[in-house]
Every structure is written in structure tokens, then in C-alpha cells.
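Chain naming follows the written order as A, B, C and D, and within any one chain the residues start at number 1.
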């Protein structure tokens, strides 16, 4: 950690700071600059609170050298983590997985129908929201537990593992009992109590990036889950909020090589939520695979115009099938394959 | 609601859409433009899902005319809502309230000390975090229930009502029993399950704006609480995330006149979290009052350098006192007073 | 154009507005809603100034239905525009072009060396900055006209057409005389006087997107050039400014299908400026081609550590060569080829 | 400057780097950390290009300690700069100046009328655009030189100094001859050629912040003008582009104390462009004065509904007058006065 001190800091303040850092077992190196003095702290600085140091009026700035995450850090865990989702391996050199399904589960028959379409098209897992985060209290909030059971029925029919979003810790047993890949949505990426709870379970977690989360904050949320005991985290980029409003969000594909450099976790891409427009899903999906994504999660609906939520970004099954076919060609071009 | 249709939409699609809207009890007005046709829907369109309509490939765009919120809407509730927090009235022409206190409750003695300082300086309520949302799992997470009880002790000593953040619905009885103003933090602004839960209690709610929430999304989160039965919502702007990183966030003071035009709810400002730098808190506070804020919530700590969290943005009591004195002069200049 | 009027607007205001629009040759359709009245204007509304209408205190909102651009609009020009750059055809189904070269021209020998490397690697055009927009007045500002002549020498040696940025209208004759593709940089995307000037010349223009420009503003800047008489515009996405600072900018690849839907102009991608980090250039380039880009512009330098500007994002020639090889495979996978 | 090196950097790379820095006259201090080694460079690092250093594959990160600006830096020029605009002193403890006038000059009579209204209301300078940056090539582009002469006529009638925007260096003599305060607009904040040109003239410059410019970039643009020989720069905040679209831009008032800490230049606020909505101008203006602004620049029009540009954000003279009256009360409350 690098601490920049104002040149006119009184000696007793300087001494006190040095003392304080040394008491925490850190080694303090001082560089006397022209306009500032700089402290270089060596040792385990993860426990230091940079904002607390910055509160000192003589401190100009504080810069971290080491990343604040450890369990997720590639530096301390050089091999790729492979996450097992109901026997499908995600990450590393494993085949790219394609998850498809509707935004919301609307009924048992409907979800079984879509599940069949997803499977026929070549999809590997089924997504579907039973609990739905909706901006408006007047919008459809999901079928709840009934929706989970509908997904289970669709799994029984098709064999596809199921992915669904958990919104509240008090529903955790439903997810442990029935869901194969437990999703934390973008709005809950920093719902730390929920992160701690899913850190205690024995199911893989799909952690979506928050709308305005930096890459580091996102990795720190993965670290929460891992620190609580669950190392099985798959990261999912789904677009960030920017000034551009033509698309619902701006898909940030540079995160793929960054996540792979900084962490050992798999990363998949959600082009449906990122763009919010079915016309943009195919191009974004192909781009994601070309950039090295370990998977895609895509909204598919038999009749998007009747979907209870997010119809605008849902593909019809035939478009989804075509997308998978094209994805296979891109995957081959980067020496990978689609599951 | 205005729906723009591609000019070459087949007649049967057009007829089907009209039919569908009329079945929902809406009146459909059609305007034939040069490049598009436009449907103007009259009636209660709040229940329509614009993204579902947009899923239709012939639909170019969907624009809402009426705001999607009702209970919070000034149009249907022209008088200012006055929120009662332990007999302190917030909003309307009531005196501006100043809430002060540390980011985290660190111990009983410490919080009683700060509470006294806050009171001596002229503060009206005491804030303090017992449950803390922290980016890092390795950072201090708050004292929990013990912290709540410490706040209660500080209230007993000083008479100041207490404000604290709830992070999880399973702690709600602690807040109902002990806390005077229950805060929903920025990261939980769209934790809809938590919003619904605090909508069922009989305590006023301080709803912070999310880091990347639009004004409309923020009002919709207030609407969640109100729709669940709790009309006692105070809004709190605490800065939004932008490209500028010199400040922690960018304080958006234009929301004050906007919230007052669009809603009937009180709005207070948090300059400490907005700027993240104690040197910027005073100027931002005075600006907020000049712009019409109903209150301020400010971090105060006897020794920011030892604060367990967010020392960088905490004022020492003497600075806080000075800030209140200056605030009084600004309040007078806009024909208001500080409580 | 849709104009939302407050319900309590006085009749004489309403009449006056109708009168005003009808005098401009527009047909006014009125829809009486529950809380607002809505005017739908039919006719050529491009000349109407929506902000002027919004100044009326009874007007709640103004929404454009038709896009404000005409010459760039796919609706009125359905076929792809093919832009000729020194006999290389860009856009439509033509092969994807790869432009490579250093950020700055540093000397004649150096640029000839790099040009050879670019050609050997399979690049189709040479980029190099002679006039450099630099944040700091103390940074290297480019070699100016000498740099242009160095580029000419490199073209003579290699046959590669040259691409360079114009920063000021008074240098236009240098560019007309010597440069094959005239670049307008991101910082000048709304330097309207410069846009008008390059609209008068007979050279193709490479128009980069501004750091914080919406897609519509970007197309409107193309429209400026086209309206001034030069239809030969190639658009170039180079990342937008967002809250994320890990990358220099956030590359927005969804613009590829959007630009192709909304306009008939070719679009190329600049992954070097978008990411600011050579380690991210390859993944971003492959993604761009998979998403349908008509070309790439990439920084290449024989010795990035000695580059006078933007070394951090420059590839060494061998990495550039590898990138082109991989790009060819991706191009094939989307049924295109690299030139 | 702090350079973080990967721990496994080969010794010859390390030696070469040290050598290189020492050759530039810098002193190199090395701190050996657990996972990284850190170089602290002491001396004049302003000339070093951090992106060039970052190009080295063994370099993990580069952090500047000292600000890259010198002439604008408060550290080397502790007293406030006072800028003289036609004998009106701006900055320091001088009275706050109020600049009013239309977005565009529409005609001689009109501008004289508005100038009188501005003066009657208590305004101190007249603004008016003769050259207008407009997003659309089809929108009114300003009256050009005729507009400048109209402003001169208005000055002759009222005595108010005139402020107008220059868009192109080839018009510089018109501004030198006639305009009292030469404005660089937000879109040209990084039109470096124009900055250099206005750096050579003997007139004060009003430098608006770019829509997506960081505070440091903005100060660096001031540094361009100062480095070219013109120390008379007034900074003007006019809102930044964020995800929030309810307002045209987001007004960032924290820049007032920041600019005053980091630089010695005066800062004024433009609430009209920042908010884009006349209903929000008053609250934003009062907030700006409370936060310590040295002036305001406000759009005023006798008939905003007929304004040729930006009617939506223009105040009618009576509202402007009221705003000044309220501003006086706020100014008093912060121990300042309005001119």
C-alpha cells in the first residue's frame, strides 16, 4: 500500500503513523519526494482500511498495490476453477455451455414447452425466473415456489439442469432442494447478507455483475461467497449502466480477458439483459464467444409478445437454434466447442 | 401510452394489437404518419408491460406518457407529506432536520460520546450503522444487535431519535422495537423483498437512492413500500456513480426540485457518502439547503482516523457544529429554519 | 412528433400551439388522455426544435418518432454504402479491412519499419498520428506536416494507403494532398466547424465516436459531413467513458448491429483506444469481427516501451500478425473474409 | 511517480528501467513487497509518459503522485487569481458575477431588448451565441459575425460586457476585436488547437467543462491556455453526462471546493445547460452560490417559446430578476455579495 503524505505534515503525525503501521506488523519504507512524502507499506495490508487512513488530514492519497481479494485471485490459485453444475463442467477448457429459457416461469405446460425447445435447439441448461425483481410493485412478481416446481417438472421431462434467481435468504431451502445453479441477480450483487447465505450452501452460484459495479467490486462479491465456504462461483456479465440509452445496458466484453487474468473463475455472458433487444442478441453472443466466454445465458420464449416479463429481449426458439449453430462455428474458430 | 408501429406492419398484426388493447379496456387512437403509424392508448396503462409490447417485431418504440407511480405521485396527492419521526416532523414547511453520527456504531461509550457531540452541535437525530454493507468480506461488518442496543442507550442519554440501516428482513423486529427511522441503503434500493417487508411495518423509512438508479426507479422503490402499506417514506439522495472518480460519487442536487415536483415526499441529502471526502461536506450541505432539502444526514465522528469505516468522509464535532451554524444562515436565506 | 400537454393547459394556449404547427405545414392529431392531452404531429418535423416546444410551461414532454438524420438513414437508403479508400472497398460484403500502425509517427525510418511490419503481418492500411490530441500541453504533440510526409514515404515503400487524424481545418490541404482516409478523432466528433470542412473535401472520412456521445449524436455528426457534400463516411467505435476505470474506456460492440440497422454506413472498431491495454486487444478484436465489424484499426509498434504516445495499448508486430490469423478464422465463421 | 513491477520481472528488465529513469535525472527508490516490487521515482516526473511505462509487460501499474498541471496548480500559486473582464473582477473575494442572456443572438433588436432586461434584473454581463454548436446540421447555426456585432450594439446600449463562444480559430480576430470574455464550449474543451490559439490572445477565457471530462482533464485544458501564454482563465461547470436522463446533464457542484483547493482559478456555474430545464435553474443557482461559486451564467430570453435554440432552459426576465434577488440573500449568508 502506498500512502502519500503532505510535505508539511508535522513530524509527530508522521511518527504516529509509522508507529501505527509497524504495530500492525507492516514494514514502512519512506520516500522523500519534492512535494510529497510517500510511505510504502510491505506486509498483509488487506486488513488496512484505506478510507480510515485517508481521514487523516495530512494524507493526500492512498493507493492499493495488491488486489483486495484472495480466494478469487488468480495469483494464489493459478489453475482455472472448473464448476460442476449437475455434472456439466463449466470453465477451463470445457465446452462452452448455453443456457436458455424465459425470463419468468409462466406455467408448468409453458415452461415444459420452452424447455423442449431449448433442448431441441441445442441448449444445455434451462433458465427461468420464479422470483422476479421488477421495478414496479404492480408488475408480475413471479410464481414463487410454484415456479420452482414447474422448473423441476421441466427438468424431469428434458433432463436439462435448471438455473433460477434467489432474491431472499428465507427461500434458500427451496433452492438447495431443487435448483442446480443458483443465480444472484444484478440488483442483489451487493446484498451482502444474501451472499453470505449462499456461501454456506453446497450449490454452484451464478453471480451477475451489478449495473454499476466495478470489476473489483464484482470480484469482491464473489469473494464474499467464497469466504463463507462456497468456492463454486460462476461470474456473469450482463451489461453496465451508461449514458447510452439506445440499448438497455452496455455489454462490457473486455471483462472476459480481465476476469480470466485476475481470477480463476469461469465467466459467462448474458446478451439478453445486456442489450434488452432481441435484434442485438445474436451479434453480442457471437462476440462473447469470440472473446473467450465460458458460456451464454439467453432468454428464449415461444411467444415473446405474450411473455409476462422482458419479452423485448427474448428470442423465439428458431432464432435461438440458429444462434447456437452460428456459435458453434465461432467456438471452433477459437479452438473450443459448444457443449 | 404511445406505440410507434412500422409503416409496413401487416393489417392483421395491427388489428390484433388494437383488439388486445381494447380488451384491456383501453381506447386506441391511431395517427397515420409518413414513416410510422402511432397508437395513442387512453385509460389505465400502468398495468401494460411496455417491454412485452416492444417484443412485437413491428413495434418500433413504446413511450409512456403517464408516470408509472401512483401513491407517490404529486398529481394525485398535491399536498406535501409530513413524516413523523419520533415526534419530529419532516417535510413540507417544517424545520430542516440535521441527522449526525458515525458510519458504524463502535461501542456503547463511543456512540454515547458522539451522540452528545451531535446534540451539542445542534443535531436533531443520531445515525449509526449496526449492520454495515461493506465491499469486502474481510472488513468490519458492524456490531449487529449489540450496536442497535448501543444506539438505544445513546437515545436514552440524549433524547435524540435514532436512524439505522436494515440489511435483511429477518432483523426487522429489532428495528421495529428500537429504531426510530429505518434506513434502506443504496445497495438495497432494489432489494424488492426487503422493500415489501418494511412496507408492512409502522415505522418511517429513509430510502436512499441507488448508485445507478434513475429518479423514476427510485420513486418506484418508494412506491413498493407505500403499496405494501407504509406511506411514511423519506427519500435520501447520496450521490450517483459517474465517470468522475475524484469524488466517491456525484451528488445530484437537481433531484430536490424534481422530487418535490413529481412526488409529495420529503427529501434529505447525504453529502458524506455523496462526496466521500470530509473537505467537501460543508459546501455540499449548504448547497443542498439552498436547493430546498428537507434535511441533511452527515457523518460525524470524534476521531475519524480511528473510525472503523468511512473515516475519510466523517466530520469532527467542531466542524459539524460550524456546518450547522452556517446551515442556519442559508436556511434563513430561503425562508426556512433548522430544527 | 408526440407532444404531451398538461391537462389544465388553457384553451388559448392549445389553440395557439395547433395554429403554430399547422402554419408549419404539419397535421395535428389530438388524443385526450386521462391526465394529459397528446398532440401527434404528422409531416416533416425534422425542422421543429423540440427544446423550443418544451419551453412552453404547459408542455410536459416532447418525443420524436422519426430519426433526426436523413442522409445517413437506412430507411431512405436501404443498400449498404461502400466507401472507397485508395481502391480498397470498405463496407457491404467486402472483405474486412485491418488498419495497423503506431499512435504517433516518430520518424521516417521508424514509420517505414512499422509499415513493413504491418504489411508483412497482413494489414491493409497504415495508421499514424502526425497531429496528436494530448491531454497535457507538455506531452508530445506530433510531428505535424513532417509526420504526414513520413507517412507518404511509408506508403511509397509498402503500397499501404495511409490513415491520419486531422485536428484543425487550416491543415486540410495537407490531408487532401496526402492522406487516403482522413480521421476525425473522438474529441473532435462535435467540432462542427471541422465536420463542415471535411464535408467539402473529396476524401473518405473516418469518424470516431465521441467519448460520451450517444449513437444518435454520432450519426448526426456523420450527417453533418454528408450534408456538407461528402457521403464517404466510415464510422469507428473506440469505446465510451463509463464508471469502469479498469479499462481506459468501455467498448460498446452492440453499436455494430445498431449502426447497420439505422444507417447504411460501414463501421470499424478500434480495440486499442477502447481498452487502452494491449492484453485486451486480441479478445476485443475477435469479438468485433464476430459481431459484424467491417474493419479494425489497431495500434502496432515495433517497440511499445519507446512509443512516444499510447505504448500501453500497442501490439508488437508478432502479436498483430497472430491477431490477424485468428481474425481470419473468425471472419470465416461469419461468412466473411479478411482483405 | 509509483511504478508497480511484477515480482517475477527479470533482473535485466529491472536494471534497464532503473537506468532509464536515472538517465532522466530521477532518483529511484525500490520497495520490495510480497507480491510486487515498487519503484518510487523522485524528481520532475511530469515529462514521463505513464502509458509508455505501462507498455512494459512486467509493469503492473503506474500511479502519479504529483498533479500533472503546474501553472494552474494552487500548490505553486497559493493566492486566488483575479480575472479582469472589462473591469469587472472575477474570483477571490470579489463580488459574485451574474451573466445572463439568450442561448443564441437572434437579431439586433431582440438582443438589445434582452440586454436591457438582464441589466434591469441586476445582471452584470451579457451572454449570447453568435456561433452555435448544434447537434443537427439542420438546426440554426447562429448568425455569425452579424451576431457578434449585434452583441456589440447591445453592449453600447447597456454597458454590459459581452460573453460569446468561439468555435473555430479562424474567427479569432472577431473575438479579440469585439468580445470581452471568450467562451470555449464543452464540446471544444479538448479541441487542443483552439486552446492553443486562445492561449495567445489577450482576452480572458471562459473554459467550460466537457460533458465527460474529469476534473483533471478540465484543469489540463486550462493549463493548455495558460502554457500558451494566457493566464486569464475562468472555469465553468455546466453539468456532466451520466445515466440519468431526466435532466439534460448532472450538475456537479462538488467541483467548486475541489477547483478552489487544486487551482487558483475562479469558477462559475451554468445551471441552464446543466439541467436543461428552466424549472430547475433557480434551485441549482442558489445551491451553486451556497457552495462558493464565483459567478453564474444563466440563459434568459424574453420569449423562450420563440427562442431559436434551447428555449427549454431559458428563464423569462422576471424569473431571472427573482433569481438574482434570492441569490443575494444566499450570497450574504456565505459572507459574499452579488456584484
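The rule we apply is simple: a contact is a pair of C-beta atoms (placed from the backbone, for glycine too) under 8 Å apart; a residue touches a chain by one contact, two chains touch by 3 or more.
Predicted, not measured: the structure shown is a model, and the values here were computed from it.
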Set of chains adjacent to chain A and to chain D: B, C
Centroid comparison with chain C (C-alpha atoms), farthest chain: B
Whole-Å gap between the CA centroids of chain A and chain C: 31
Chain centre separation in whole Å, for chain B relative to chain A (CA means): 26
Multi-partner residues of chain A (at least 2 other chains): 212, 241-243, 245
Residues of chain C that touch chain A when the two form their complex: 212, 214-216, 240, 242-247, 250-254, 256-258, 261, 274-275, 279-280, 282-284, 286-292, 326, 329-330, 332-334
Chain A - residues contacting chain B, complex: 46-47, 49, 51-56, 68, 133-141, 167-170, 187-188, 190-194, 196, 210-212, 217, 220, 223-224, 227-228, 241, 276, 278, 304-314
Contact set on chain A toward chain D in their complex: 2, 4, 29, 31-36, 38, 40, 42-44, 60-61, 63, 65-66, 75, 212, 241-243, 245
